[in-house]
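Presented sequentially are two complexes of chain A, the first with chain B as partner and the second with chain C.
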Partner chain A sequence: MRRLQITKIVLILAIGIAVPFAGFGQQMESHIGNLTGHSEAGRQLYYRYCWGCHGARGNGDGENAPYLNILPRNFVIGAFKCRSTPTGTLPLDSDLFSTLKRGINFTNMPNWSALTDQQRADLVAFIKTFSPRWKTEKPGDAIQVPAEPALSVASIKHGSELFQKLECWKCHGQEGRGDGPSASTLTDSNDQPIRPYNFTSDNRSKCGKTNQDLYKIFMTGLDGTPMPSFADVIKPEDAWDLVHFLRTLQYNNKSPELALWLSTKEGAEIVNAKKVQNTYTGSGVKP
Partner chain B sequence: MSKKHVVLAGAVMLAASAVALAGPAGGTVSGKVTYEGTPAKMKPIDMSKEPSCQKMYTTPPTVETVVTGSGNSLQDVVVYISAGAPDDAAPSTAAVFTQKGCRYIPHILAFQVNQEIKIVNEDQTSHNIHPLPKVNREWNKSQPPGTPPISEKYDKAEFIPVKCNVHPWMHGNFAVLKNSHYAITGDGGAFSLGNLPPGKYTVTAWQESYGDQSQEVTISGSETKTVNFVFKAKPY
Partner chain C sequence: MDVRGGSGVNRIAKRPVKTLFYVAAVLGIFLSTCSPANALPAFARKYGMPCSSCHEAWPKLSPFGQQFKDNGYQMGNDRDAPIFQQPAYWPVTFRITPIWHRESNDKTQVDGSNGVGGNEATVTTHGFDWSGLDFHTAGTLANNYSFYVLPSSDNTAAFHFESVWARIDNIGGSSWINVKLGKFELDNLLSEKRILTLTNVSGVYTNYHFQPVGEAYKFGIGDNQVGVEWMGHSKNDRTRISASLLSSSDGQPSVPNSRAYNGYFAASQAFEVGSLGLQRVGGFAYIGQAPTYFQFTNGGPTAGLPGTGIGNKGFQRYGLIGMWYVKKFDITTIFFHSHDSAYLGTNTPSGGPLNPTGALPTGAQAPTWNGGLFESHYNFNPQLILINRYELVRMSQQALSTNPGNLGNADVLTFGARYYPFISSRAGFAYHGEYAIIWQKGVSPVTATNQTTSSLLFGFDFAF
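Here is the complex of A and B:
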């Protein structure tokens, strides 16, 4: 009788432990270049480094989640910000791998550069076990980024026109400070307030700091945020002009684009007028 | 061919077309959706941040989360067969969702799983179309003025809120349904679901603020059954 009870307790304990991890029986692989990641290896790493925020079931409800501004990603939904694939599609393994390596700037997601490439590949494989989408869908076809044309003043000026025409300023502000007329009303897909990117803060955007990263951000959109995809409305050659212009908004970042823009009379006037001293926002209100 | 034969042939054709017009013999579920209590007053929308839209209205339009009509009727309620009917193939015509005056027309677009939807921007401003599904894929696309319609599909049944992040007052809904037996109530709150073969059905009414209600109904032959829905209005 007593033995039966012990068996019962052991059984209940076993179920209690197993249930939170149920459904992750399937194996996944990730392929990044020559690397192959294995979900079984990634599982160990996930339950050491990731679940505090992303939760035991990967749905973003880890014990730290309530304290985070911009909630941790819910891997069950399978929507990711930093992709090279069109909006609404799954990212490439290499996109997730890059996010782990880089972190997501301006959020609580740190970079995991302390892990090895193999470990990051294993984690990518494990993250893919959370959403059924990885079994029924393939990642989208990566958006083709054509070679960057030579930088020119004309390119920057055309980019500036696009910034007006596409109404980027409605959220990002005319000076790119993230303070446009719609900025204060923005919420992400978790119904949490979210700020548009402030170009004057530094040269890193959420999904990386190269010109290619900038190009991809507005062409793919950042899924789960208000930032939409412009892939259907910006031609590839125009997109590079917009990238060149956006760089000039980052006036604290010594980029070739900014240097060229400052060398023109028009550009220098615009940039210098923006450099309001001693304020956080440039709005004239002293902190 | 004698005159008599021609008349006879004509009569047969007429009879045949009459049968065809009646469609597959089936029953109908019809009724009315009403509310009891006091619904919240729908607030006027402040479009001052988008003058190109604001100037299209002499009096500001109101939000549309609860639209009432004469005789306590509820408009914009999706009434559909949620169980009992087989899934239908998607029709080949596209359902059209228009952005005009910084509002969505219609406020609720109902269509079938895998049916094409076309999203049109008739405004002089850029919109982003950001549906927020839970079970379907989430996407978010910008649509500046004068650009071609966006074509999309959904492969799972779901009620999906739609918003434009640039114009936060813009709010609409996609109702992705499994079969062709659905209706959206207009002024008067009436609906009619036809062509139902004999059988037992669950009729569901969905209102975006008040949730959904279901009733069972059994159709035998070509009768018309009446099913009414009453939602409890919330004053806030």
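Here is the complex of A and C:
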């Protein structure tokens, strides 16, 4: 009887100790090209580089989170902005890998290009240990990005019409400055105010700076933000037209789209009317 | 030659006045060699990141921290300009280190049977103390305009400017064009300002400051220098290259040795080796010249008018560096080769009223030496790092052919550990323990025999 009691006590203690750490014991891998990331190696990197914002448990409540105007990603939810997979699905490992390498512009998430590819792969593997979704779900299938059609004035004009028709302006504003009538009401999945993207500020969006990146944002949406997916709403060729138009809103970026648009009388009038001369007053940040 | 100048106290009870003098000398020298290091919670506070992001163990930079520094203290995520900070944000960090330390020198010059200063003895001192104080202020004035000002003091609060510079970053949108002007640390991959060791013996790199026995001209490649630097790097910082034009003043203000300019060049390339980590190899060269006499005097034939240095003679420092990572273990290896003009090595004017013919002393030759450095770390985790370093310097040609061939040769061995009880974006604290010992050939002050100096130090190193 006495031996049985001791056994029970030992078992209870063992369970009591093990349960709180159960979530941290799981091993994950990531696969990006020829790279295989290991969560155990990623753990050490996470607690060196990431926990200050994303928190020790990955739920975005790091000690600095209260001071950030855009809260850090909550890895437990498993929702990520920058994906190549349909809205609501888990991202590919390569999506997370790219985000680490590129950073997220206009937030406090820097680019981690100084790390090695292996280190980033290890971090991706560890980040996946935080959410139970990675155990029960597979990442979505990557959306296909068709070849970009030839740039034309007609394409830009059609994109402009879509900008009105799809009511992009309600959030992003008629001039793409992120100051549409709904802008002040928007919140993200953390119920924190979020500002729509200001196209005039930079040529980099949150999820990359190429036309393909911009195309993917329309089609996948930015999960966790009010930016929806338009995959079921517009055709691929329409999405490309929208990309071409949005490039013309980036007055400080010498893109082929802007150059073509400025070569037309209509385009030059519109752009010059909207353009704010860059005086470099204040912060030195381009207006 | 004693690159530290360290000495100590012996037979304390017998000579209290001299004892006090020696204690003051030891502490002064120790504190003057405690290099200010760059660990800036001001940056961690600005970006909300733990210090371990930019520092493998502060103040030693991680590759991410090096990239941040090379990019003009910018993350590149459009949160870099001060406009994104609270108006009250003031990028200031101070660092100071209360310590207990023990210093020992086996050949200290003392009075004795041979008269005043005619004997040598082992002198050991120990006690509680504190380091100098550094006030780091650095950051961005606007996007792509960065600065760094570091008033630094000894433990008597006598301040000087350790760093004063402003930098224009990413000129024309290119990471290859960055220009810095002011007083700054040379682009040394193994930064002496970020050294992990603090003792009298090992608070600086011996190879960075070594000079042949008897040479008066002072130069240390680890010292901050005054000039202009162009620096370029790839976006991910794998490739780095820089060139500097510097005053030949060893970082001193008011150009006392003006009219001589030096050049410094550094380049390195990093590459990934699977799961081992990021490896880096590089090289550097310092091509210098220094005046040997003055064009004008004011107050007698030996009183040179400052700023009129003339009769420049050359000196060079070359090095190859490798930084090798095997996961948590890393080792830095450096090979040094140095060469000074015979005029500098023997403190001989190359002309002027004191030596119109520019003749060299009999047996004078250009001092030349080689050095090696092996510094290893084991980073258990962001909170604990073990440190080991071995340096050696070997003379290959003395300034005077009559000198013993090994005069001044040095070997330095260091062991240390730093434990950071918390990792935060607000402040830094480290328990520091270290032991270092240096053996030098033929440099004892009286008998010109071998000398051994050691330091033991424990302290609380903190920055806020």
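Everything below uses one rule, namely that the second predicted complex is superposed on the first by the 253 of 287 C-alpha atoms of A that agree within 3 Å, B and C clash if a C-alpha of one lies under 4 Å from a C-alpha of the other, contacts with A are read in each partner's own complex, and residues count from 1 in each chain.
Basically, contacts are C-beta pairs under 8 Å (C-beta built on N, C-alpha and C of every residue); 3 or more make two chains touch, one makes a residue touch a chain.
Fair warning: this is a prediction, and the values are worked out from it, not measured in the lab.
When both complexes are superposed on chain A, chain B and chain C sit side by side without a clash. Look at A:S94: by the touch rule set out above, it reaches neither chain B nor chain C. Contacts of A:D232 after superposition: chain B is touched, whereas chain C is not reached. Residue contacts after overlaying the shared chain place A:S131 against neither chain B nor chain C. Contacts of A:E63 after superposition: chain C is touched, whereas chain B is not reached. Using the contact criterion defined above for the overlaid structures, shared-chain residue A:S160 touches neither chain B nor chain C, since it reaches no partner. When both complexes are overlaid on chain A, the residue A:N74 reaches neither chain B nor chain C.
In the superposition on chain A, contact of A:M109 is made with chain C only, not with chain B.
Minimum Cα separation between chain B and chain C in the superposed model: 26 Å.
Taken together, the two complexes place no residue of chain A in contact with both chain B and chain C. Residue ranges of chain A in contact with chain B, taken from their complex: 77, 79, 86-89, 133, 165-167, 170-171, 181-182, 185-186, 189, 221, 223-233. Considering their complex, residues 47-50, 52-53, 62-64, 66-68, 75-79, 81-84, 142-145, 235-237, 272, 274-275, 277-278, 381-382, 424-425 of chain C touch chain A. On chain B, the positions that touch chain A within their shared complex are 49, 125-126, 128-130, 132, 134, 137-144, 147-148, 150, 165-168.
For chain A in complex with chain C, the residues that touch the partner chain are 41, 44, 47-49, 51-53, 62-64, 67-68, 103-119, 201-202, 282-285.
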